[in-house]
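Structure first, commentary second.
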Amino acid sequence: MRMIKRTDMTKRKAIKIRTVAIIAAILVTSVFIGSIGHNPFKVYISMIEGAFGSGYRIRDTLTITIPLIVTSIGIMIAFKMKFWNIGAEGQIIVGALFASYFALNFSYLPKVVLLPLMFIAGFIGGGLWALIPTFFKVQFGTNETIFTLMMNYVALKWVTYLQYGPWKDPASMGFPKIANFEDSALLPKLFGIHIGWVIAVILIIIITFMMNKTKQGYEISVVGESVDTANYAGMNVKKIILSALFVSGGIAGLVGMMQVSGVNQTLTTQVAAGYGYIAIITAWLSGLKPAIILPVSLLFAVMIKGGSFIETAYQIPQAASDILQSVILFFVIGSEFFIQYKLIMNKRSKKEVA
Amino acid sequence: MTTFLVAMVIAGTPLLFATLGELLTEKSGNLNLGVEGMMLIGAVAGFGAGYTTGNPLLAIMGAALAGGLAALIYAFLTVTLRANQVVSGLALTIFGAGVSSFVGTNFIGKKMPVEVISAFVKIKIPLLGDIPVIGDVLFNQDYFVYMGYMIAIVIGIYLYNTRFGLSLRAIGENPSAADSSGINVTVYKYVHIIVGGALCGMGGAYLAVVAVPQWQDNITAGRGWIAIALVIFVKWNPYLAIFGSYLFGGLSIIGFRLQHLNISPQFFDALPYLVTIVVLVISSIRKSKEDSPPKGLGEPYFREER
Amino acid sequence: MNNQVFVRMEDICKTFGTVKANDHINFEVNKGEIHALLGENGAGKSTLMNMLSGIYKPDSGSIYIHNQETKIGSPKESIEKGIGMIHQHYKLVEVQTAKDNVILGQTGSIFLRPKKLSEKLTKIVAQFGLSVEPDKKIYDMSIGEKQSVEILKVLYRGADILIMDEPTAVLTPQETKKLFKIMRNMASEGCAIIIITHKLHEVMEISDRVTVLHKGATVGTLSTKDTSPRELTDLMVGKSVNLSINRPEVERGEVLLSLHHLNAIDNNNVKVLKDMSFKLYKGEILGVAGVAGSGQKELCETIAGLYPVTSGDIIYSGENIVGKSPREIIKKGIAMSFVPEDRLGMGLVASMDMIDNYLLKEHHNQKGFMIKRGPIEKVCERMVEQLEIKTPSVHHPVKQLSGGNIQKVLIGREIDSNPQVLVTAYVVRGLDIGASHTIYDLLNEEKKKGVGILFIGEDLDVLLELCDRIVVLCQGEITGVVRAKDTTKEEVGYMMAGERIEGQVVAL
């Protein structure tokens, strides 16, 4: 048996393969959940119920979807260039930190001034945090995967430090927490959800537009395909990578700003809440296409929200949802192989043809 | 001081196992970011096996088996199906966290039976244990700690002094050269990824079975990521891994002890990551050939198709 | 049967698609003999040798190793039969020592016995006069030393039939000398050695016998001492073939581009361009001939600003463009299209469509942030029509087009940028006659417009008929500049082999 690269893959076939993979994943997870003594069918139904069962739950689910979408978009830009930025978690945190600085110190400013300021600060914070490893990557070839990963923890410890030290709320009577934001630093709501969702939608449009219609997006795609070709075409590859990663990290930083300003109303160590990692997966599963990021992020938000619901409602561990997520992942990333290659049985003599 | 050093070794032991596991995996050219997940699976399997059977050996074996099986998923995805290693590893982390938390709900608050705990009491090694300070720190520990040294040394000998180790290092550096020398790259990758997973599983089990020894959700609390950092810090050298692990283990507990010094404990918490970044950057600036990641790391290998 | 015959290949045929790579080839190597396999690129040398090393299997014909008819199914089987191949690209693990590389993959005791091994290696090293320090790391070694490790690897495995694929291509002259000494030692120790090459002087120097291949067929096997470089050249290049390519007469204009004493080195500090000087005029096609790896690629890339120059100038419209960025050079009107061996490589992005590929350079000229595909779509459609590119649409990924059409896209784009200087390398690589002629016509059109074209080619017949003048390269050096009308295929062949022909050099 041997494999050959497929050239005949159509979009429909690819979707079919992925669908089969997801169904297989659900079946496998069902067996697992069943073997632990729970009714898998009931688990799934309650998860959906937990995610969409009431207006309140729907709003909660969407509140989870927003950071996933936005972070995925940021990660997508880096991944397009085969720059394995797994530091979105840290970029979210630092974005949140920068934005919080303004929220805590300039709360006397009117909302219309303060929020844009926080927005810009968040973007710059996340962008700078991404630029550090990128600089070393383009200059010295330092491995970006591990570098960005380490940066996540440095960011986390930085916030912990602030929370226990200089930024500790004096009014909290010794309890290590950062003060709640004043109203002027809180994102307004639209249809009951903070307006981050509007930002997410706008970002999808802007980034789709950027990737498809602007020079920068075009250059990013060329660099991702072949650095040699980009050089040949007279592109400044280093500059392209640096600026793209600034945007990538900046977008993650925006998530941080939206989480502190729209959801938590203060800065905590939980601000990124793993979104930076889950978004790597949602970005990857979306095939790095902004438009597909939306439904995939929603799917994951449903699993997250549904997972926490089944715990409280049926005493089924929330972790069932993590298992479901990861098994779906395993199957979908595994199924890519069958989209790229096909297996054929052959006699050895055929091997040398072509 | 001695008490601190003793605690440092205990804190470093789960790191040592996980670091050795990831080190083997990376030497085969695969970056497995699922260490945290494999540790968690090992922890819950080890706890479960120890708790239900009361047999310390079964606890260890259960942990190793579970970690190895988790790694097998990753190996199948990345080696056979050539999937992206970063994404596969992250998926494995989510999976491991999910499984351990799901299975662990049955054990919350449960304590390890006495039979198991008593198997891992401190045992002084004659002669060596009598050396001042060092004896207490290194040679008056439990079996699990001793197993850690031994495995590190065995891996060191294996890597540097055996034919298999040589082949493994060649695969990580230049799989096509290894392939053309008649080495079965796929088999090597599978074996070392799985053994690596088993070691990570044992690292998790040390926490659940010996160090804590009571079940807590998310018992590893990020140690898997430190292990990934450690592999770089110790320059892929299993002997250095012993000291690196204890050092990082010490850093994880030093914060509380130095509170009076007015240095924030978070600084020490962040130190392992900062140090790793510095090591990574320096080795890339020096273009060091020896202290760098295996060249084939992260790249799937397949013979050119004709 | 003579048991001195180590390798005998009888009536070997091998076809790839429609191309006959090997056509009834006969080949024989004796014990203690150094046998050169000579031929141009694509003559079928590598295909033939890959059948010995187990990578290909012959469609028909038989192989005898040590007088036993043998089927070689895999590289492993080949090694077991005592055949060792030393590839052009070494397969060594850089961070390991020579010793480690030698025993890699060998079965034996579990533990490495460094001392015993060192002794054994030192013995082989002494026996064959190799210069290898067993404990030196590969990354500390020169190219020559690395090659010695590869040879040691093969000898350690007990090979007595050695195939060396262009072993001197990357060596300095001193290293080459050493290698030849080693090869003679090996031969006198009873090995049979096959050396694949297209360098005549090396054939003359090292080999006992030589087999010449031309277009997949054996032209003959000669004893080296009874032949001459001239005879070998004649056999190698074959008879002139009339391709009836047009060569429009165009008044040659002013100098467009001139190279002055250009030097460049590669990563291993080997000189790849040596003191290269020539001029390119308006309205001419200047051919570049030379065996593969004579510096053609580096020449292209230095002109395009992609390869660092150690010394020398490239003057274009009164300005030295050495050190300018690729983008500045593109802007000045120098276009380069290089078709690498895998056809796609640099110059085109395989997964992108024609429009996006057209934009690679063009997008610099567009104003503002936006990339404008609308106008380019029309340009591409026009190009499809003019060049008869076969594609479902201009929105189709170029990797799905056939080779000829891909090359048309590449060259069409470069021409469309209205360059002053057009550098083309191997533009007809792998194309059929019809497609090739379309490309020649396109180049001639440009020539008529006054563009200066540097045409780097493989086929001497084409160079002779298409170009106005030909620069001949040998090992990064210019061995002659001749007027295509006034020269012969043989003459160019001699120069390619490193002979300088007095009185034929056209004034630079």
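Order of writing sets the labels: A, B and C. Residues in every chain begin at 1.
Keep in mind that, in the parts below, contacts are C-beta pairs under 8 Å (C-beta built on N, C-alpha and C of every residue); 3 or more make two chains touch, one makes a residue touch a chain.
Just so you know, these numbers come straight off a predicted model, no measurement behind them.
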Exercise for the section: Answer with line, ring, star, complete or other to describe the graph linking chains that touch. Expected result: complete
Completion exercise
Comparing A-C with A-B, the busier interface by C-beta pairs is A-B
Completion exercise
At the largest C-alpha centroid distance from subunit A we find chain C
Fill in the blank from the handout: dist(centroid_CA(subunit A), centroid_CA(subunit C)) in Å evaluates to 47
Exercise for the section: Find the geometric centre of each of subunit A and subunit B from their Cα atoms only, then give the gap between the two centres in Å, rounded to an integer. Expected result: 27
Completion exercise
The positions of subunit A in contact with two or more other chains are 352, 354
Exercise for the section: Report the residues of subunit A in contact with subunit C in the complex, numbered from low to high. Expected result: 7, 213-219, 221-222, 225-226, 228-229, 231-236, 348-349, 352, 354
Practice task
Enumerate the contact residues on subunit B facing subunit A in the complex.
Solution key: 31, 33, 73, 76-77, 80-84, 86-88, 90-95, 97-103, 105, 222, 225, 228-229, 232, 264-267, 269-270, 273-274, 276-277, 280-281, 284-285, 293, 297-298, 305-306
Completion exercise
In their shared complex, subunit A is touched by residues of subunit C numbered 16-17, 56-57, 73, 304, 306, 325-331, 336, 345-352, 356, 359-361, 363-364, 366, 369-371, 400
Practice task
Would you mind writing out the residues of subunit B in touch with subunit C in their complex?
Solution key: 161-164, 166-167, 169-170, 173-174, 176-178, 180-183, 289-290, 295
Problem - Touching residues (chain side subunit C, partner subunit B) in the complex - result: 75-76, 79, 91-96, 100-101, 103-112, 137, 139
